[in-house]
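Below you'll find the structures, each written out as structure tokens.
One chain, subunit A, appears in both complexes that follow, with subunit B as partner in the first and subunit C in the second.
And now, the complex of A and B:
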């Protein structure tokens, strides 16, 4: 067993375990933190797979995202600490069945498909970053720019949806003319 | 087949399965979003594993991972926008109560 294999397995297991913990705890804040750990383990798995840039990016992005999610949990939940042990699930058996079927189907595809020759060596971190930069500003520039504009649009749309509606009172001098 | 690739694909499959369970079983909007995040994380692991073990010389594989990260960020932004609007209108983000559009 190589060190790479060990770390991929270890961080993969940690990621899945924390993913399961997200839906097993009553505390919503703990759920958000478990998701943070799951995504961080995923970032560590990326680092084990020699994708240094994406690994670090994943950890940084998810740390911010999940912290915001924890804050939202405290804002919106009736019982963010989970002290009341409220059950907030429905159609549990159907969901469990769907999850297991999806897992088994994906594993079957992973095991039975012939993926072709395996590459042993990946470019080093500096070369990867150079290649990705050239890809982003070359062949994939349109996709990259579209993604940026989509994020901007989503941010503006989300803010517009979240702003409370303003009720304007008609000014005193204004009169209504009906024709 | 390389064991590392298989491990990564199994991890992706497990995250996908857990995410499907979460998205279908939870009644709270923010918890449903967590399930969707896990589904996207599963897709991301697969894409990165395919890049690393099948085509490490082609950076387009990493580009796909960046696109998934963008989708995750957009999902969070829009989801929280909807959550705030729903909370302001109804005082809760429980999706079992959201039956206004039910036919």
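And now, the complex of A and C:
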């Protein structure tokens, strides 16, 4: 139990530390990969909490996502190597306030919500995977499907916005009158 | 004990891959060449490029090796010869192998060189092409086994190997595995003739030795994963299980290495469009067909 608590705390702190590193570096790739290791540490926290499937999934998904984010940051930022020491932060007061409010809200939810009886022993890993599958196809299906469709819509919209508009010439013979 | 045995076998396997690769590229079968090459690499100076991203540059070769070894940890060679039979084994292989990408991006970005960087980003481009073709065929394999345990996946093929049960998935996975190991014709990441080694270009000496070792382990791990997922793992008549595993893994490795020799290199943009236009629909079809077969015959 104590070893478990130690590892949860250790990976939690590691996650926070890598989150800070994101803003302490000037290099876009370092920043993206620091965020990746922050997320990987979260996955390791899941593993320490004996949630094997969620942990492995988190560790797997974040690697691709953050790597793809890295190339986008390199493509679109004017100083991807960070040699010009561009400031990585902006709107400091607003983000500080938002961060504190979000932190307090998260702690409040964790402390004040009635989570029901706490299980003494976690079900074995294979059983967890089964339970998770049934949960995703049952009670939580609507939430996950909504989230998935929302993300897909956002991606398509972002792509559509990013494509420069093409002026089409009116084709010959079209009934198009200019005044 | 099992871990030590498997790590030794992995090292031996990596050596055989090096021999096979040499055979496939130069046509000469020489058992001692990889040992001499390794000695030569270890004896040479490991040059540090100018203004590198030192952390990435140092971490990349090791991370490549670690991710390949971690993926090998859930691959069974016999019913009992497996480092850890995780309840999420089939997913864990993916999770470990994704860090090959992270390692190659680090290796590309780290040395502050144009060739290396192009190689690294190319690998990312290739990953976007083939990533789904790794995950989706595995999904179909897992559907049949009704378990993520790799040992269970092998047991599920007792009657009929998956290469017959789901041939489309096998072909897609095989191609994707070759791309993940950046073997020819998908070796634009290292691109010997064009980028002077790509991600490998700025590495030398002991760092390059670790990088090459990592890649060899990656190849044998992917061949072993192919055997576990599609070729019935340790199963086979007459010979003991470990022998069947060894024969199948080496055969798959040899085919992977030979196949690249007779194909033109594929540009990553073409790979991307072919994978998304044909590969992913086929993978979805494969999942659907396997789903129907599982429902009908169980």
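Observations on the model:
Going forward, the second predicted complex is superposed on the first by the 136 of 179 C-alpha atoms of A that agree within 3 Å, B and C clash if a C-alpha of one lies under 4 Å from a C-alpha of the other, contacts with A are read in each partner's own complex, and residues count from 1 in each chain.
Assume a residue touches a chain if its C-beta (ideal position, glycine included) is under 8 Å from a C-beta of that chain, and two chains touch if they have at least 3 such contacts.
The structure presented is a predicted model; accordingly, all values stated were derived computationally and were not measured.
Considering which of subunit B and subunit C touches more of subunit A, the answer is B. Of the two partner chains placed by the overlay, only subunit B lies in contact with A:151; subunit C stays clear of it.
Look at A:68: by the touch rule set out above, it reaches both subunit B and subunit C.
By the touch criterion defined above, A:57 reaches both subunit B and subunit C. Of the two partner chains, subunit B is the only one that A:107 touches; subunit C does not reach it. Using the contact criterion defined above for the overlaid structures, shared-chain residue A:159 touches subunit B, although it does not reach subunit C. Contacts of A:39 after superposition on the shared chain: subunit B is touched, whereas subunit C is not. When the two complexes are overlaid on their common chain A, residue A:77 makes contact with subunit B while staying clear of subunit C.
In the superposed model, A:30 makes contact with subunit C only, not with subunit B. The contact surfaces that subunit B and subunit C form on subunit A in the two complexes overlap at residues 53, 57, 68, 128. Residue ranges of subunit C in contact with subunit A, taken from their complex: 53, 55-56, 86-88, 91-92, 94-95, 98-99, 101-102, 105-106, 109, 121, 124, 127-128, 131, 147-149. For subunit B in complex with subunit A, the touching residues are 1-22, 24-28, 30-31, 33-35, 37-38, 41-42, 44-45, 48-49, 51-57, 59-60, 62-63, 65-67, 69-70, 72-74, 76-78, 80-85, 87-88, 92-94, 96. Those residues of subunit A whose C-beta lies close enough to touch subunit B in the complex are 2, 4-5, 8-9, 12-13, 15-16, 19-20, 22-23, 28, 31-32, 35, 38-39, 42, 45-46, 49-51, 53-54, 57-58, 61, 65, 68-69, 72-73, 75-78, 88-92, 94-96, 98-100, 102-103, 106-107, 110-111, 114-116, 118-119, 121-123, 128, 131-132, 134-136, 139-140, 143-144, 147, 150-151, 154-155, 157-162, 164.
Contacts from subunit A toward subunit C in the complex involve residues 27, 29-30, 33, 36, 52-53, 56-57, 59-60, 63-64, 67-68, 70-71, 124-126, 128-129.
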